[in-house]
Amino acid sequence: MTARLQVEAATVTYRQPGRGVLTAVDGVDLRVEPGEVVGLVGESGCGKSTLARAACGLEPLAGGRILLDGEPVQRLGLRAREVRLRRIQMVFQNPYASLNPRRRVGAQIEDGRRVAAGAPAPVGELLESVGLDAAAASRYPHEFSGGQRQRVAIARAMATRPDLLIGDEPIASLDASLQARVAALMRRVALENGASLLFISHDLAVVRAIADRIAVMQSGRIVEQGPAEQVWAAPQHPYTRRLLAAIPVADGLGRLPAV
Amino acid sequence: MTGLEITGLTLELNGRRILDGVDVSAPAGQVTGLAGESGSGKTMTGLAVMGLQPAGSKVGGTVSYDDGEVQVADLLSLRPGALNRMRARRIAMVFQDPSSSLQPMLSIGAQLTDHVRHHLGLSRQAARTRAVELLERVQVPSPEAALKRYPHQFSGGQLQRIAFAIAIACEPKVLIADEPTTALDVTVQAGVLRLLRGLTDDLGLAVLLVTHDLGVMSAVADTVAVMRHGVVVEHGSRYQVIREPRTEYARELVESLPHTPPPGTGEPE
Amino acid sequence: MTAVPLRRRRAPSLPVAWRRPAALAGALVLLAWVVVALIVPLLPLEDPLRQSVGAAFQAPSAAHLFGTDQLGRDVLSRTLWGVRSSLPLAVALVAGSLVIGSVLGALAGYLGGVVDEVIMRVADLVFAFPTIILAMVVAAALGPSLVNAVIALLIVSWPNYARVMRALVLGARGQEYVIAGRLLGAGPLTSLRRDVLPNVSAPMLVLAMLDFGNQILLLAGLSFLGLGAVPPTPEWGSMVADGVVQFSSWWLATFPGLAIFSVVVAFNLIGDSLRDALDPRTAGAVQGSSI
């Protein structure tokens, strides 16, 4: 069976003036199956966001390849994105920057509906599916809180009826009390619509709660991947163990996390 | 009690009441956590105590300060000069993003010694010695060399340690830390939390820790005050607030966290 | 699932701009000048071109409210007649350089690469010369006339707009909502029109409004050198230019100067309000009452 998203030995490099070449993603292999939720976890600078951007065609590959349903993902240049590739959609990190401040929310979701494969749900229904009022369509982004904006961004992505939804740290700028809720929402909405979800986050605790499989990334490489429960309960790689040990657990016991 | 006592703190900005009578005390030698969601007023409480509220806001209530040597009945009624001296010597602050709270054009040495020389009246040599001690205290590697370097040459975690060094340079008694680990990676955060706890215990600081992260609260705070709509809705020991919350809101906050068994224990849920 | 409550709704609308007192004042001043331009031939004024050497350099008096100039012409009449050439010229100049500069700057910023290189190197070339000197050279090459002076000034003014526009577009291009739009299949033109330009229009508008005074004065410079308004056509810029060399006759430069000032201030007031009105974040708010 072909994977929905297949990343094969993908490498992304940046040229840094005066400091040589930085390899942000270093020969990564990763599969996301249809209807699967994969969590990609790592700390800042590990290359997880670069990998997400590459999967959308936003970064050129220096090596390897990225396939959507067996067909390569080309880089998004100046031309409009290929129709086939519009089935990959992304929810970004910063809810304050990912919606056009000058346009009504409904019009922005409409952009997604217009390129949908098949019959998209009405805007009102899309908004309700992410827990917002259908009436929200006529409002502007500044009238929403960060969590609400992120819901709008999810609705916009889902309007295209994507096959693969990528969340690039979609909960990092939200209040702690919202993070788990929005992550769970993304899982539910993606699966209800038959899409796979690649969920990128630095927060292992949240990822564990929603992902079927977890991949842990460090310095451009995936150091460990496996079923979520296994990675959480019985981590194999020392880096994963360190990452898990460092999570401060809200148990009220005053335990300092291990360094 | 020595430490900081905030009573009935109110703050109004453009006709909107942002703080609506905050009562919380931060005793010496303890970390007092201020938890809450964005917009709850937790950050504004920290800023108002420092006299750093936004221009045009009206502040009411009292903030009393007592460190055993110096007592101030109400910081809010001090004249700007006197408040400035309190801020320099006795109350320090650490912010969320160390890369923007340090001056990018000045070396670490300059930022550590200028401050110390001015307020403690030390000689150049003595200030330098003190700066090296401070960097050792916050565990910045090779302090001598670090003094000559600039903020952009450090990682976020190292910068936050340096920000702590600057904050404790004049031996303050009160430290206000506003989301000091939120911008840091989780493995780096663990080290900075240990540092914060260590400084509190060793220096007898009264720490007011503002954070939305209940995990962080649970790790370092002695007591936790939960804020909502500009008031403290619940204040108690960290165990009580996190494990046996008395108010509906605090319970919701705790329950919104992902339900996870302790990581790496080898036993699935 | 319960719906998440929303904050109060606020929609932008252009007419809101006119509810602001500052914008209203600016609009009234401009309207007044337009009315003057239309009815000035009907006003009981002296012929602005009639010379009377015997009556040169007369200070303001009941006969000549604004005094007379070096050729004995009535300054009041010339100032009011001057609006007929100065205002349309300034509007044409600012609008022209705004459009040319914005289009070129947006293309340079959005497309990058060779397009960017070519446009910006040409802009640098223009920047390398002092504005007025270059305008003189171009105007002289084209021959003295108001139209040619306008062309010359367009050639020297667009790079300012292009440079600012390019920087704004470069900043906006990397915004997540622009990328999100591209992922939804927007081509470069749709992306520019829908996501980029509306979000960079405010600073461009302010730049244009601030440029009015500049343009009127540049035009005056050319007129002064005999390359713009051909004497004796009354035009504010050349009147000021003529007046400033006559130190003892303050009224020569003052009254046309005040006319320029009133127009510049009017445009600035309108520009500020327009900027707020076009932005949904500030549209409903009356100035000063929101953060």
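Note that the chains are named A, B and C in the order they appear, and that numbering of residues resets to 1 at the start of each chain.
One rule holds in what follows: contacts are C-beta pairs under 8 Å (C-beta built on N, C-alpha and C of every residue); 3 or more make two chains touch, one makes a residue touch a chain.
All values derive from a computational prediction rather than experimental measurement.
Among the chains here, which has the CA centroid at the largest distance from chain A's centroid?
With centres defined by C-alpha atoms, farthest from chain A sits C.
Counting C-beta pairs in contact, which chain pair ranks first?
Greatest number of C-beta pairs in contact occurs for A-B.
Distance-wise, how many Å sit between the C-alpha centres of chain A and chain C, to the nearest whole number?
46
Which integer distance in Å separates the CA centroid of chain A from that of chain B?
Going by mean C-alpha positions, chain A sits 33 Å from chain B.
With chain centres taken as the means of their Cα atoms, state the distance from chain B to chain C in Å.
51
Can you list the residues on chain A that touch chain C in the complex?
56, 58, 76, 78-81, 83, 86, 88-90, 92-94, 97-103, 111-112, 114-115, 128, 131-133, 135-136, 138-140, 142-145, 147-148, 151, 153, 156, 160
For a test of understanding, state which residues of chain B touch chain A in their complex under the given definition.
37-38, 156, 185-191, 193-194, 197, 212-222, 238-243, 252-254, 256-269
With touch defined as at the start, can you tell me which chain A residues reach chain B in the complex?
43-44, 146, 175-181, 183, 202-206, 208-209, 229-230, 232-235, 241-259
What part of chain C is in contact with chain A in the complex they form?
1-4, 6-12, 111, 175-188, 190, 194-195, 198-199, 279-281
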